[in-house]
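Note that chain A is present in both complexes that follow, paired respectively with chain B and with chain C.
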Partner chain A sequence: MVSITDLTFAFKKNHLLFNGLNLELQAGSIYGLFGLNGAGKTTLLNHISGLLFPKSGTCEILGKSSRKRDPETLSELYVLPEQFDLPPIPAHSYVNIHAPFYPRFDEEYMKHSLMELLVEGDKNLNELSYGQRKKFLIAFALATNARLLLMDEPTNGLDIPSKSQFRKIMAASDHSKRCVVISTHQVRDLEAMIDHLTVLNDGKIIFHQGIDNIAKKLSFEKIAEDDNRFVLYSEEIFGGKAAIIPKKTDSNETQIDLELLFNGIIQKGDVINQQFVREAV
Partner chain B sequence: MNKPGQSISFSMLRFQLIIKRFFVLNQKNWLIGFLGATGLLLSFWLLPVIFSGSASAQIHFQSIEGMALFFYTAGGLALTSRIFFELHSSNNAFQLLTLPASTLEKFSAAWFVSSVVYTAAAITAIYLLSIIIETISAIRFGFWGNFQLFNPFENDNLQRYASYFFYHSIFLLGAIYFKKNNFLKTLLVIITFFIGLFFTIAIGGLVLAFMMVTDDFSFEYQLLETAAIWQSLLTYLIGIFLIALFLLFGFLQLKNKQVA
Partner chain C sequence: MDFSEKQPIYLQIIDYFCSQILENKWKPDYRIPSVREIAVKMEVNPNTAMRAFHYLQEKDILYNQRGIGYFVSGNAYQKVLALKRAEFIREKLPVLFRDMSLLGISFDELRFLYDKNNSHSSGL
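So, the complex of A and B:
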């Protein structure tokens, strides 16, 4: 679905943001794209959507260069930015002028989602609150039935009920032929939603694994201070340590703590990645 | 709902959909512009009528025709400068740049709306205004025999449209190239160009005059004769070439546009 090869990019000369970045994304998966502030998550999404061009290397969607922005590719792509403005027109006008560009746009689904997300469809879009506008665009993005959905901080600005509505609506959508990339800082919002974890740091993808694989390889446990097992990464918590431990083949799978895993990858990425390399070897 | 075929070649349906999109997104500005210009023109026509105090001073539409055509040009160029307003904000650019249509379809739709459609709408509006003004004037003076309606096909008016299409191509390029104050910046570039051209011609003229004085330059007659013959044709040919060039630059700017 998405193939990025040796991507190099810089906003300023002599300060490369991406230096030889490689990434492959497949249909039928929801990728959580995590990274520290300024790691380049939004920039990466902009490259995938053809809003930015690589300095060198290639970025392809469905086998075509994203920078060409050809209609066929764009009709299979929808990008939901973190910050956006919507025109001063009612929701139905917005749908009327944009939906025909997407060959599988589902108007019924759109209406249903707006109701589900409690979006006031009769108001002009610029009069809606930020959260309402975001929910409107989330509904539109899903209704396009585009095969590649890029969401930059989709839960940012949503209140607690809206976040759960978002999770509900995402869970109810058919993603079997779709690739969804969700970039976020709010790790806990996506814990039950993503099936792949991708971490971007220092201009490179430093971790890219399926949730199933992570659950098979790593164990997330609360351990005592004097626990002498081999710990890949740990953090002090009340009453002990939250730790990532290599999972034994005969032990039960534990619930993945994405926040702990993310911190572990940032600080001890090599050690954690080693657990996955072993199996590959 | 019609769905455009997902062909990478030029699609008339997508072209029409983009035109519709431009209309919906810009309709408020365009309506305000048209109503504002119509109001101003009516005021300019009414003021002398009110203050002349003479019953015999019938003022026809022709008294404000020049102003109406000036509004047509200035208004059109101002609206053209804003047609790609989405491109220059990182919060908006995604909506146009990732819209499933080719750059050629987006660019040609913008050109078509702001030149052909706008000109047709403006001419129709001016014509209707001339009917309104002449009717009011006839009612006021009780004389119905001298209707001086706007003639859109007059030679001067046709030249005015040609001139609009020329400047329009520059302002369309400016609408994509400049990030803020597109109208003023494009205007400034044009003024700077003409000042530069004026000085170049003036210096060239001085050099020519100096040569004629010192070297008994004898090509004067031939030069003027040739220029007179080819002037008209050359003006149009150069104009068309420049329009094509500016449109090509505009298209390439849009094709290579990235978010900030």
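So, the complex of A and C:
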């Protein structure tokens, strides 16, 4: 679905933001794209969608180079940006104007989601609150049935019930033919939603694994200070340490602590990645 | 819905299904909620919910009728009982024994508390 090879990109001379970045994304998955502030999450999404061009290397979606901006390919792509402007027209007019770009647009779904998300349909879109506008675009994004869906910080600016609504509509839609990329640093909002963890750091993808695989290889445990087991990464918590430990094949799977894992990957990425290459030998 | 710290979500879904069966709320051939309904309710990826269904299907606790949904198997109660008893002995008892020894609670005392609790709950 998305294939990025040896991507190099720089906003400023002498400072490469991406330096030999490789990434493969498949249909049927929801990828969580994580990175520190300024790591280039949004810039990476902009390369995938063809809004930015690589300095060198290639970026393809559905087998075509993103920079070609081929109309047929673009009809299979929907981007939900973090910041957006909506015109002073009501929701239904917006849908009438924009839906024809997407051959499998689902009008029924759109109507239904707007009701479910309590988006006021009669007001002009620019008069709605930020949260309402965002929910409108989330509903539109899913209604397009585009095969590639890029969402940049979708839960930012949503209130607590709206975050829950967002997770519910994501859980309810069929993603088997779709590839969803959600960039975020709001780990808690989405940890049960994603099935792949992709971490961008220092110009490269430094971690890219399925959640199932992570649960098979790593164990997330609260351990005592004097626990002598080999630990991949740990943080001090009240009464002990929160630790990532290589999982024994016969032990039970533990719930993945994404925040701990993210910190671990940023600080000790090599050690953690080693747990995943071992089986290839 | 809030998740407990340690257990993966799919195991929490399995636990919920098992307790419905043990409490006889879900009887043989009862049609259980769909994968999608469970995913929405728990606000999780449908694949996560699917994993719980697959696991229980493998254990013969649920059966699937294509295009219709998942149903409780005829001998689900016995299977769940065996599974949960083994789990209790393997995982919960060692914790209980450790706490008993830390707190100095004897078997006699435990027995007394157990009987007291049972007479209370049956009396009310």
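Rule of thumb we're sticking to: the second predicted complex is superposed on the first by the 281 of 281 C-alpha atoms of A that agree within 3 Å, B and C clash if a C-alpha of one lies under 4 Å from a C-alpha of the other, contacts with A are read in each partner's own complex, and residues count from 1 in each chain.
The working rule: contacts are C-beta pairs under 8 Å (C-beta built on N, C-alpha and C of every residue); 3 or more make two chains touch, one makes a residue touch a chain.
Computed from a predicted model, the values in this text were never measured in an experiment.
Once the two complexes are laid over each other on the shared chain, residue contacts for A:Met193 go to chain C alone; chain B is not touched. Contacts of A:Thr5 after superposition: neither chain B nor chain C is touched.
Applying the stated contact rule after C-alpha superposition, one finds that A:Ala215 touches chain C and leaves chain B untouched. When the two complexes are overlaid on their common chain A, residue A:Asp70 makes contact with chain B while staying clear of chain C. In the superposition on chain A, the chain among chain B and chain C reaching more residues of chain A is B. Legend: residue contacts after superposition of the two complexes on their common chain; A:Asn263 is shown touching neither chain B nor chain C.
Contact with chain B, but none with chain C, is seen for A:Pro87 once the two complexes are overlaid on the shared chain. In the superposed model, A:Asn124 makes contact with neither chain B nor chain C.
Shared-chain residue A:Pro100: touches chain B; no touch with chain C.
Using the contact criterion defined above for the overlaid structures, shared-chain residue A:Phe53 touches chain B, although it does not reach chain C.
Touching of chain A by both chain B and chain C, each in its own complex, is seen for no residue at all. Those residues of chain A lying in contact with chain B across their complex are 46, 49-53, 69-72, 74-75, 77-79, 81, 83-85, 87-89, 93, 96-103, 105, 107. Those residues of chain B that touch chain A in the shared complex are 1-4, 6-8, 11, 14, 17, 20-21, 24-25, 28, 89-95, 97-103, 105, 256, 258-259.
On chain C, the positions that touch chain A within their shared complex are 3-9, 11, 36, 39-40, 42-48, 51. For chain A in complex with chain C, the residues that touch the partner chain are 30, 164, 167-168, 171-172, 174-175, 192-195, 211-212, 215, 222, 252-256.
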